[in-house]
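In what follows, structures are represented as structure tokens.
Note that chain A is present in both complexes that follow, paired respectively with chain B and with chain C.
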Partner chain A sequence: MDTKRVRSAVDSLNYGWHRFSMLHFIEHIATVRQRPLHVNGVPLAGFSGMCLSTAHNDYIFYNLRYHAILQLHTQLHEIAHLMLGHTRKLDLDRNSDLGSMLLHINNRIRVAPNDPIVKQEEDEAEYFAIVVQGYIANHRRLHQLTLSDHADDIYMPPFTGNSVSGG
Partner chain B sequence: MFPCQPTLLIVNKKFILINTIADYRFDKGILVDDILSFSDILNLLFEHRTRTDGTPYRAADVSRATGVSASQLSLLMSGRRQNTSLETARAIIGFFDVSMEILTVKTPEQAISMIEDDSRTIQLRSELSKDLSPRALRQISEIIEWVIEKEYAERANRPIPPPPDFSDYI
Partner chain C sequence: MLSPINTAHFVLPLSLVWWIFYLPRLFNMIRRTTIFKMPTFYLWIMAFNLGIIFILHNYTLEAQLHAYFVGTNLPVISLLKVSLSSGFITYGYLLVVRRYTEFDVPRIIDLIMLSYIVLMIAFNLLAYPRVPYVQIQIVSNCLVSVANLSAAMSLIPMTRELLQRQKNAVREAHHLWFLAFLFFSSTGATLYLIDGIHKLLTNAQHMDTSLYVLAEICRCAYMFSLAVLIGPDRYLYWIFYPVRVRTFFQLKRLCTVVYQIAGETIPYNIPEPRPFTLSSAELGIYRMFIAIMDALPALPQDTELYPTACHHCSGTCDV
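Let's look at the complex of A and B:
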């Protein structure tokens, strides 16, 4: 996995991480990609999420029944696929259950196959989601610390002769 | 980019209103003799852009969705009428979700290539590394069908269909 490429993709978003909310981030991604991104939380049947792209729109569906942390992670993971260009145009495996079913719906659907490249793309998407979550965590905290409500959190207590634990 | 409204051009100090497909082609500097007729393009659209189940669209489907009368459509498809307004052309070509650039192609092969452009296919990514249950497959199918219906409705300027009812999956 090319971690440098993934990190560079996250950095190139030029996003103000201290302002992060999922909705705000989705709007930012849609602006960067210059096409609508529809993200929908639905009760999915035993899988965490899926991503669909058509000529004009991107869609992400994630499982509302999972823990909030996993919901966030899934959305970031699916966004990663869009941002990292994981959109190879490949024919369906007509013999698989999914392939035969989808071809029945629409003979122009393409599904990413289960091959080593997909495994690599999944790893990259996971790494993208982890990097983003790291940025959120860091910036969110730093921003909070600069707010007056949290001012006490960044100043050391007055010197009393007793050293402060830590470090 | 194709103009959404009629555009005024100044050519040799004459004002030309881009109002029809002939004007549009003239504006692109294309000789009418060099390009595929609108009738040929329409017939290729009907032949190569099918419904989601693979069956062909009927003229009545296009007429109902676009508001272009069946008789006008018939005249255009047969070639008895060669020119039409941009509004009509945009409605018909938009129905088939093809770029208006198709009006400038020179050969049937180029037109078919545009019609079958893979960029307009649906790309799906899910957790394919593990076996999906029959319920999951059914749900993915419902989601895709809704997306297809939704985008079709948007193109045809029809109300967006309600999303699938997932209460069965709770």
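Let's look at the complex of A and C:
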């Protein structure tokens, strides 16, 4: 796995991590890729998520049946696949059936564990997710991924009189 | 027991660091229009004054400063020390009390009176030329310590009660640091008091005893706690570091067990974060959670671990 390539891919996003929220990050990715990115939760069975890049659009599907924290992680992982160019573009016309697309992806996933190239891509995508999560944690925005309470409210600590924000 | 450490050697640099750190902050606050709004202004002035009090409480440094006022009829430095300390103790804590509780008249009167008595007794020390300055130093330090101890003791139970009610991380961090501040403050004051009484009884000439060095170290610790309280947020959270590291290693063990029972191997061959810093410890906990969640579908449902894991992933057992 080429960790330098993955790191430079994350750095090339030029994202303001201190403002991180999943929605904001997805919007940023769409801007960087200059194409719409559709992120949809579907009640899948058997795997956590998948991504798809067509001629004009990017799609990410994640499993709605999984834990909410895992759903967010899956979205990051799939964004990593998009950003690292792991998707093969599908030449689908407008009338293509989503079912056939899902079948296509499902087949790909099914062969994944035995395919060393796909295994490497999975490692790279997960490493991309870790690097992103590292930046998020360093900017104290991890609560956006863990869905925990955070002090974004105004608080007057004993000695300062300043408001304390989570950023 | 005498100590080989000269406390003046670390008290003076630390108080200078305190000022250097806070002077720009104080000026920044003054630029704002809200600076004169109480209690912000008073608290910042008090925090700044603490740098002076820090020096004046040190016997060696105080004696050196007093040397400039030997010709006067007043123990100027001692009076300055007692006044600043009493002001800090009384009004500093008073504002915190008012912030956290209902207006508690008896407690406020108690604090004001205590401070007033300390001040009066200090003025009684105008017998200065007749009493050696060393004794004035010790007595005034003891009096201030009593006032300090009293104020800290009244605030510790309240802060603990507040801590139990807090669910918000930043508030919890603030209260933990504040509790640390009070703990070191009261421990330091107790040590000062015992050391002072011992010095008076034994008519000690050497100031840097082991007990006194310990008291000074406690004072450094409470200054540090206060610096974290006043400083930017990111320092606050470090109080959670030991807990986070413990959680991380607990989750790591759980993760290993889950993967063993599930008969799976960790799917990714990538470097995972190590808990060297607070943020990496938090990230590590998050990563462990994700890894456990990943293995959950493969976990046999008849194992004891399955319902526990499902319980912790409340509402989303459909994995």
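Throughout what follows, the second predicted complex is superposed on the first by the 113 of 167 C-alpha atoms of A that agree within 3 Å, B and C clash if a C-alpha of one lies under 4 Å from a C-alpha of the other, contacts with A are read in each partner's own complex, and residues count from 1 in each chain.
The rule is simple: a residue touches a chain if its C-beta (ideal position, glycine included) is under 8 Å from a C-beta of that chain, and two chains touch if they have at least 3 such contacts.
Source: prediction; values computed, not measured.
After overlaying the two complexes on the shared chain, residue contacts for A:59 are found with chain B alone; chain C is out of touch. Of the two partner chains, chain B is the only one touched by A:86; chain C is not.
Touch criterion met: A:51 reaches chain B, while chain C stays clear of it. Applying the stated contact rule after C-alpha superposition, one finds that A:42 touches chain B and leaves chain C untouched.
By the touch criterion stated above, A:137 is placed in contact with chain C alone, chain B being left untouched.
Legend: residue contacts after superposition of the two complexes on their common chain; A:122 is shown touching both chain B and chain C. In the superposed pair of complexes, A:26 makes contact with neither chain B nor chain C. Common to the chain B-facing and chain C-facing surfaces of chain A are residues 48, 65, 122. Those residues of chain A lying in contact with chain B across their complex are 40, 42-57, 59, 61, 65, 78, 81, 86-87, 89, 97-98, 101-102, 105-114, 118-119, 122. For chain A in complex with chain C, the residues that touch the partner chain are 1, 3, 48, 65-70, 73, 122-123, 126-127, 130, 133-134, 137-138, 140, 142, 145-146, 148-151, 153, 155-161, 164-166. Chain C contributes residues 37, 39-40, 43-44, 47, 96, 99, 167-171, 174, 178, 226, 229-230, 233-234, 237, 267-273, 279-280, 282-283, 286-287, 289-290, 293-294, 313, 316, 318-319 to its touches with chain A in the complex.
Taken in their complex, chain B has these residues touching chain A: 50, 52-54, 97, 118-129, 132-141, 143-145, 147-148, 151, 163, 166, 169-170.
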